[in-house]
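In the two complexes that follow, subunit A is the common piece, with subunit B as its partner first and subunit C second.
Let's turn to the complex of A and B:
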């Protein structure tokens, strides 16, 4: 009984160390197995990307940085793999300073990884500028940029992150306005979905895919229900389910290791909640008032 | 030196990342100067990087070059308008900044109408679901309406919830809202854990292999003990001082 009562007073630093141990085990083992269950919104995302016409591009809007890289980067990499496999051209734009660099590095990493396989299969290799482009960091009035790129893409974007005019890149040369955009993907930790809905995707009937951090995902379901969103990847769990769909179900990836670590963490937290409440109930029954949270 | 830095860029980046991660996570033990030091490094680096990227990616290609090289001289007026913001620091001329602030507030207020219309009107429309299709769909729609009406009745403040029908429906609405908040909080926990997983993954799958690779070199075994000794000594005095202050 005393043991259960004392569980309410565990030093938080011990809990932190235990969390680190629980999360580390799957990251060391790195299981390849991906979840077999795929949520409907993830399936819709896959179908939306599949339905993009060959002469259209997908616009990836990056508004995440180093802080949420663990959630948003796997989403973006899974989507890039799908688009590379489909030969769908895409353009990455960033509203985040750090996100601009990270998303470019991720694109190059996925390109190199896919090229290894293509090389083995004797297929033509992917190239930056030909199969995809990165237009770098954008700042200013978001509504004006979002609205403007739908009307005159070249005028608003002008050049890629390396300073090359978009008219000189094969991936972007023919993009004139919203008619050339097959889908928009909002990879975000700050919530720019409202701007895309208001100024581009809903008025111009362009599918919008939302890839938020898990914290933000709950508020997006009404938009999925109304059809304003054509799909969603919910944090890293959405990313790992998408990897299942793009044929990586048996490949050990960061996302698959993260999903296992996440499941372990959830079991650990549920266990702590149960033990803490057991301690509380026992303390109340025995009249012991020593329980409570310890902050020090 | 420059050549050495260029040749070892990858290793330096990984070691710097690991050091910063450990430095920032010392806050989990308690507030300390290590944490503050790395926090200030982050803010400084982010600020400097921001200035460079904003100049290189935005101001130079979209304002300076068109104005100076492409004959679009009228872009100078953008600088005039932009500089109006800074008059907010002058008591005498603060009215100039209010002109430009007013202009932007007008833009924003106009935009809100459109954002509200495009954002929420389709959701009001999609809330009118028909009772049709399979039995499971009809049941799903019925659950949707019960939750929708209950939650809406909770926010109905025009009169007191005295009638049992209204009172009980509003109470049910409160429960539904609590369940919704619980789901949102669950997602928050998942998100926070993922962020920690990201850092752990970096340490386990990038930094530790880097340490293993470098452990092959004899220089590593000379430098590392010295670094560990210095960091431990600094850490000891930093935490000892903070403990004395607390006492």
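Let's turn to the complex of A and C:
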């Protein structure tokens, strides 16, 4: 019993080292096992991307940076794999300077990875500019830009991140306005869903897929219920479930490793909370007030 | 209302290329600087009128574009003119987007200017931690120069020199961006995980029934969302009544029923508050440090 009370005053550095170990082991081992459960909103996302017409594009809105890369990047990569497999063209735009660079690197990485497989199968290789494009970083009033690009995509976006006019890229040449956008995907750590719903996707009846960090996802369920969101990938777990659907169930990916790291971390936190509460109960019974107050 | 003129498209931005682009950029910078100087020269009470006016017309554009009918209504005189005006507002949206990006670019410049002012003062006066300010200048110019050289057309230097310079800049950019920016950003965010663990262990105490309910729900959600949750209860059948006791199914029920009801109520409250706040900002009724002291 005294042990439980003493444990409440454990040096926080020990807790920190244990967190690091618990998180690191699955990331080093990289298990390939993907979850068998796929939530309905993830399935709906898959179906929405599948339903995009061949002459339409999917617009990926990136508003994340390195801080949430572990959650948002696997979501984006899984979606890109699906769109490459379907020959669905997509355009990436970024509201974050760092996110612009990271999303471009990710796109090139997925393209190279898919091209290896295509090369083995003798299929035509994917090309930047032909199968997808990146229009770089955009700054300014989000409401104005979102509503403007729906009316005249070429005028608002103008050129890709390398300075090539969009009229010269096969992937973007024919995009005129909202009628050429088959779906919008909001990959975010800051929550831009409201702008897309208010200014483009709901007024113009374009499916919107929401890919937030896990901590933000709880707020999205009313919009899924109302149909204003056509699907959602809930943090890295949404990504790993999506990978199951796109045929990567047995491939060791960043998302699968992260999902097991999360599993380990969640169990660790739950154990700590239980231990902390046992110590609290024992201390309350014995009248010992020595533990459970230091934070940090 | 019999007739409303079209939105003045001629006054809005146009797309230009080549040499004209440089002329336009230079002209815009000069016009922007002149506008700022003129605004600063205006006495504060008149400056306030300018700011209030611009804010009002900015809000008015979006309100009218959204609220006015875009189709003429039968038997209502003047509705054709209103619809034509509403459609001209809609057509102006891409130009408004251009303006929004231009104005935001000025704020980037303003932010950089502020950073330079603060850090140069720190270096000059050698205040505590001045070397951090010096690091700001070094890293700012380093990544700026390397980033520009990496992507710029340097073919004029000759094939060998150009290739060499771009190769060096690409490597340096990789070190600066992938090695520093990306990892430092991720590290700052990752620290949260450590604090959460420590806080959960030391502060999350079941002192009441509500706290117990919260802890139970949080535990179920935490387990149900990760693969281990499904593994813990995969001995239960996947269909039928008992299937609803699987952790992932309880989790999904919690998210789509109690959570959704609560979120919807919060969203309604927030939306009503946002409407009230937006009206106050639009009509410049909101009084803060900007209006009360700065002007």
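Simple rule for what comes next: the second predicted complex is superposed on the first by the 294 of 296 C-alpha atoms of A that agree within 3 Å, B and C clash if a C-alpha of one lies under 4 Å from a C-alpha of the other, contacts with A are read in each partner's own complex, and residues count from 1 in each chain.
The working rule: contacts are C-beta pairs under 8 Å (C-beta built on N, C-alpha and C of every residue); 3 or more make two chains touch, one makes a residue touch a chain.
Everything quoted here is computed from the prediction, not taken from an experiment.
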| item | value |
| --- | --- |
| Simultaneous placement of subunit C and subunit B on subunit A, clash or fit | clash |
| Partner chain(s) touched by A:272 [first = subunit B, second = subunit C, both, neither] | second |
| Which of subunit B and subunit C A:33 touches, first, second, both or neither | second |
| Which superposed partner A:257 touches (first subunit B, second subunit C, both, neither) | first |
| Touching partner for A:149 - first (subunit B), second (subunit C), both, neither | second |
| Partner chain(s) touched by A:55 [first = subunit B, second = subunit C, both, neither] | neither |
| Which of subunit B and subunit C A:137 touches, first, second, both or neither | first |
| First, second, both or neither for A:195, with subunit B first and subunit C second | first |
| Touching partner for A:168 - first (subunit B), second (subunit C), both, neither | neither |
| Partner chain in contact with A:227 - subunit B first, subunit C second, else both or neither | first |
| Clash with subunit C (superposed arrangement) - responsible stretch of subunit B out of 60-68, 132-140 or 222-230 | 60-68 |
| Touching both subunit B and subunit C, residues of subunit A | 16, 19, 23, 67-70, 98, 138-141, 143, 158, 214, 218-219, 222, 225, 234-235, 237, 262, 265-266, 269 |
| Subunit C contact footprint on subunit A (complex, rising order) | 8, 10, 12, 15-16, 19, 23, 33-37, 39-40, 65-70, 98, 101-102, 138-141, 143-145, 147-152, 155-156, 158, 162, 214, 218-219, 221-222, 225, 234-235, 237, 240, 259-260, 262-270, 272-273, 275-277, 280, 292-296 |
| Residue numbers on subunit B that touch subunit A, as the complex places them | 28-29, 46, 49-50, 53-54, 57-58, 61-62, 107, 111, 114-115, 117-119, 122-123, 125-126, 180, 183-184, 187-201, 204-205 |
| Subunit A to subunit B touching residues, read off their complex | 13, 16, 19-20, 23-24, 27-28, 30, 67-71, 97-98, 100, 136-141, 143, 158-159, 161, 163, 194-195, 197-199, 202-203, 213-215, 217-219, 222-223, 225-228, 234-237, 254, 257-258, 261-262, 265-266, 269 |
| Subunit C residues touching subunit A - in the complex, by the definition given at the top | 15, 62, 90-91, 93-105, 108, 151, 177, 181-186, 188-189, 193-206, 215, 219, 222-223, 225-230, 248, 252, 255-256, 259-260, 263-264, 266-267 |
